[in-house]
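You will see subunit A twice below: alongside subunit B first, and alongside subunit C after that.
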Partner chain A sequence: MMKTKTLALLGASTLGMLMTASAVQAQQSGYLTILVDNGPQSIATMEAWADAYTAENPDVTIDIEVRPGGGEGDNIVKTRLATGAMADVFSYNSGSLFQAINPTQNLMPLTDEPFQDSVQDSFKSVVSADGEVYGAPFAPAMGGGILYNIPIYEELGLEVPKTWDEFMANNEAIKQAGKVPVIQTYADTWTSQLFVLSDFFNVLAEEPDFAEKFTANEAKFATTPAALRGFEKLEEVAEADYFNADFGAASYADGVRMVATGEGAHYPMLTFAIGAIAETTPDHLDHVGFFAQPGDSAESNGLTTWMPDSLYVPKNAASPELAKDFVAFVASPEGCAVRNEAVGATGPYMVAGCELPDDVPPAVSDMMPYFQEGGQNAPALEFLSPVKGPALEQILVEVGTGSRSAEDAAALYDEDVRKQAQQLGLEGW
Partner chain B sequence: MSVSVSAAPAVSPAPPAPRLTRRSPYPGWFFTPAAIVYSVLFLAPTFASLYFSLTRWTLFDSEFIGFENFAQFFREPFLIKGLINTVIYAVVTSGLKVVLGLLLAVMLTSQIVARGYLRSVVFFPVLVSTVGVGITFTVLMHPTQGMINETLAMFGIAGPGWLTDPNLALYSVALVDVWKGVGLATVIYIAGLVVIPRDYYEAARIDGATPWQNFWYVTLPLCRPATSTVITLSFIGGLRTFDLIWAMTKGGPGFASDTIASVIYKQYQAGFYGLSTAGNVVLFILIALLVVPLTMILNRKQGHE
Partner chain C sequence: MTRRASILGGAAAIATTFVVFVIPFIFIVLMAFKDRQQSALRDFSWPTGFHLWENVAEVVKTRNWMMITAFINSTIITVVSVTLLVIFAAMVGYVLARRKTRWNGLIEFLILAGLMVPPAVVPTIWLLQGLKLFGTLHGMILIEVAYNLPFSIILYRAFVATIPRDLDEAAIIDGARPLDVFFRIVLPLLWPVTVTNIVVQSVGIFNDFTNPLYYLPGNANATVQLTLYNFQSQFSTAYNLLFTNILLITIPPLLVFLFFNRQIVAGMTAGAVKG
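Up next, the complex of A and B:
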């Protein structure tokens, strides 16, 4: 299909798409638009895939559009879907946020595409609605936990903590040595959520059915001690004054730089930040390690995992066949190889046949045991329940700045999720 | 339309003339373009939003839920704080704009060197994009690397976290708003001051008035029209302020500098379209409730003068 079109058509295709809604002409042309979030590694990998794909299919032209992340990005994705102005391929979260963009109405099912055979079921389950699969993985699975600066640990002779108390003892030692124990970056408010979200393995260890009860409005953060612990952990770290001096104004990019260069020792973050470190401070990639957020007992030490974001094709895509072909390319071993080349390996892939290179950064090799035989992991709450309140990040900024107590914050968050549950029309709210 | 005063009343051309004078020379359908634009861009969305504020709306479909959204909006834990913040913000910014604008205008209408240049300098911030100003001041107000705190540090003062201290953030944004908006207030005051007749000042001088008495008993009362314009404009501006707050703090840290407009925007961002539409209806009513009496009071006082 892509071999047949002429160059003249190609040049006209942009104009044609703007002028007419007739899909026939656009389908024939090799013009593809992609909307991707503005994280450094997202842009770098998408450009690498576009280059690799157009190298194989020289008649295809690909335009990459960039959107903000976080709430502003949600807004753009929803508005463009609702107005039928979405790009042919776009990246967006899997799990609860995926459910909120009304997939059955807006997205093209990819269930029967051949590439789905090699995609792991655990991933398919978080991009499915009403029995259809709508997404394709374009990144490795992630862990939520704590990135740490290895040189600081070596210099002070510290051990990777297995319990929360050990973690706090390490923090104290780091503070005594005149260094910053914990990095927080509240200019990008979403980064404030990690202490709570990454604690979910520990919640499930004590309350295995928390997610179902939470969705059914039967369990609450404020009244479930195990769930409240995440809020309390942030509060403890804040009260002990372990944060960097500019934590209120520092950004995610600052945080990534600080943990890489040793300006701070711990940065609670998702492991996708490894890609950002590889992109921005490659010389320090070997200085960053990773461990799961410790619980209260050393026996149950495991990782809270995140499914990667996904690529989707909107129902009214201008060139659906081309879009599907591109998505299949990304979700193939070849696509993984291109990604490895572009930003390095950041975790286990969701596609069978995708290999990690031999020399992975220490943060990745630290994470792999949790996924392998004998390791423990559990998905984050947003993959087990569609209910996620929009104000969690602001509420946690309040806890981090000391203007709200942990109990109060948890209760406020319980109130916040009600709106989301009602908007989704769930039973029992 | 000259009416002939000829002595021949029986002649027919006379009757159309009175009709022509009564009617507008343009046909009524000349209004239709404006009416269509107004209806499509203003009336239709206004009434549609009144309807959607009564629904749970996902952009894709909507479900009628009565006044549930309004109940939810007033249950919103951050709303009360947002309401208080909005009023504080509006009072602080319009108050400071009145005081500073008047002082600057008095200075800039007196005989000082480089008056024209200084007038442009004061007005210049008005011309700059609000978001640009917000981002610039966010950098300047950075707690450790910002130019403001670095300058303070040179004098041995540990500057506060202008935008990161929850108790300070709202006021920091308000100050930037004043910096940006005071030029407009000054221009309005300059216009108000130059029309005050010189005779009053002359009479006051003959009576032996001090410069302070000049200002207090002559300038201030006579520039009341300018004052009420400045108050009304900046108060409404303060009530619905959004761009500067969003560019500088996004309502943070936490909810410390949330105003009604930013609370509404966050609901919209989170996908609660019906709820945020309800919020806009509330904001509309609130502004009307505060501003209509305010304008009436200001205008009545003006009438007494």
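Up next, the complex of A and C:
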């Protein structure tokens, strides 16, 4: 114990000396604990980073601990922060969940760390509180849109749709050919939200200040035609009977399998599903493409994006300097290269200087144009506004199963949102 | 007529047992034989290939042989805490049943409160940190003992009432000291209910998931139930490995159950009538 402390201290002071002297890579030493969520990609990348880091700093020992995701994971993170038993580095969501772990009280600010210079501002904004930045990007950005089965498109001679009408025409052609046009998986209710959430780029294209007005209780889903379109799109697809027969009982895992193997043509989903396809049905990875949810006009075709999870350092970390150095390593071009090597590319990185390998899956290369020059993208509503009603998924299952109309559902969701906004103590509610 | 009815009833009981207990177990075994692609379908089908050994090897080797650590830890926790539980609960149950004082009501209320009031996680962790027991195996053992003690005491107290007081008195007349009376006369007579305690509590503690999750952080402290999370996550699950893991960690409790099965029922009903 005494020895590790001395070593850590020694490492820290050496680092300090070297940093003041020059930008020479400091050799770190000591013992570092990391808590990571149990997504297979998270574990694999974290282990790869730990190996790469200890290869450069042989005196460092890294211990990776795994926690569950979802609600149980939230409890673990909050419990361990509250009791001061958190690991030196841990991964957690950015955006609204990040705000819920009380960052100003529990986390160490990373605002002035040199690596932040190359992190994109759009990412910094979702891991900031009270003017301080607390996180470093842990994964590439994600897009919300529609995964499609390429063999079906080739067989029927279809084009990737740029407008909603083209999308519906494709669906009709797929249905005529006796295949399933759209996959829905309501056993995992969260999957029902994609048609509405990934439509947010189209909302912003027409109503650029929707997020601010929505937070201030001045704009509503039910009374803003552009915002209502997301609900209507789900309703249109449901009414045209384009869903798979077992959409009420199918699970997310089924949906991923179906779009990969061609049991269905379209699956509205976030691009992290590419990772699940790569693991479960690797032979079909090249059969899945991706496009943004089409809007009503071809000119404003863009992608709704989700920010990746982040790495944080708790305020009472046992070896803070080592923790910061490790985080800086992860958020560097070198760290991205290690990730590419370990799990492949799943999307564009949030760190300047990070490159994607040449042989990315088609679904990833389909996503890249939206992030490059001339492409258009916008963050999802949950990164622009703290207001998100907890019952959206259930409401949208009602729309998908045809038991509630789009207008009715939007109005009900506006009501659902009110409770959450009042709990947050926002003005104007 | 009655004979036919009893045969029918027996057949129905066997069929029900088969559906409720055996079919899920067969499902686990079948899943453990499959590869990842086939297991993702999660259907009741014959495996297309024999993948059990690959799966077992991968499960055991995952995360630096975590499974081995987990089995050692779980065994230590289970054996030590069940031993402590049996000794403490038998002592408390014996004294409570034999010695009537005006404190009995209060003590029984506290025991019931221990059964009814759910423990709070964060204050418990603070307490453990104050005692320097947080994140240690012996701290975890004390927690398991504390959480399960009320149930064991109630089992013992009811059973002690069925042992004639004359036996204690005869032993005392023969010159036995109080501890001798308890350990050499009473404790052996409590054997049926002790077996029940051992089986019920060891299966419960071995299968405990949430308590180790919160009170025992750290890779070196993994327990068997926590290894399940190596293969199951929110967005992606390796079902073949998950079910292989389930199969491996189901075996020890199953063995305990098979060996002690007959005595459990006797112990459960032994104290039921008189109490």
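Here is the rule we use: the second predicted complex is superposed on the first by the 328 of 429 C-alpha atoms of A that agree within 3 Å, B and C clash if a C-alpha of one lies under 4 Å from a C-alpha of the other, contacts with A are read in each partner's own complex, and residues count from 1 in each chain.
Following the convention adopted for this analysis, contacts are C-beta pairs under 8 Å (C-beta built on N, C-alpha and C of every residue); 3 or more make two chains touch, one makes a residue touch a chain.
Keep in mind it's a predicted model, so treat the numbers as computed, not measured.
Shared-chain residue A:404: touches subunit B; no touch with subunit C. Using the contact criterion defined above for the overlaid structures, shared-chain residue A:266 touches neither subunit B nor subunit C, since it reaches no partner.
When both complexes are overlaid on chain A, the residue A:419 reaches subunit B alone and has no touch with subunit C.
Of the two partner chains placed around the shared chain by superposition, neither subunit B nor subunit C is touched by A:287.
Once the two complexes are overlaid on the shared chain, A:186 sits against subunit B while remaining clear of subunit C.
In the superposition on chain A, A:79 makes contact with both subunit B and subunit C.
In the superposition on chain A, A:229 makes contact with neither subunit B nor subunit C. In the superposition on the C-alpha atoms of chain A, the part of subunit A touched by subunit B in one complex and by subunit C in the other spans residues 72, 75, 79, 82.
Only residues 56, 58-60, 63, 72, 75, 77-78, 138, 142-145, 161, 163-166, 250-256, 266, 268-272, 275 of subunit B touch subunit A when the two sit together in their complex.
If you check the complex, the residues on subunit A that touch subunit B are 71-72, 74-75, 78-79, 82, 100, 102, 105-106, 186, 189, 245-249, 390-391, 394-395, 397-398, 401, 403-404, 412, 415, 419-420, 422-423, 425. By the touch criterion given at the top, residues 33, 37-41, 43, 63-70, 72, 75-76, 79-80, 82-85, 252-253, 257, 272-273, 275-276, 279-281 of subunit A touch subunit C in their complex. Contact residues on subunit C toward subunit A in their complex (touch as defined above): 36-37, 40-42, 63, 121-122, 125-126, 129, 134-135, 213-214, 217-219, 229-230, 232-238.
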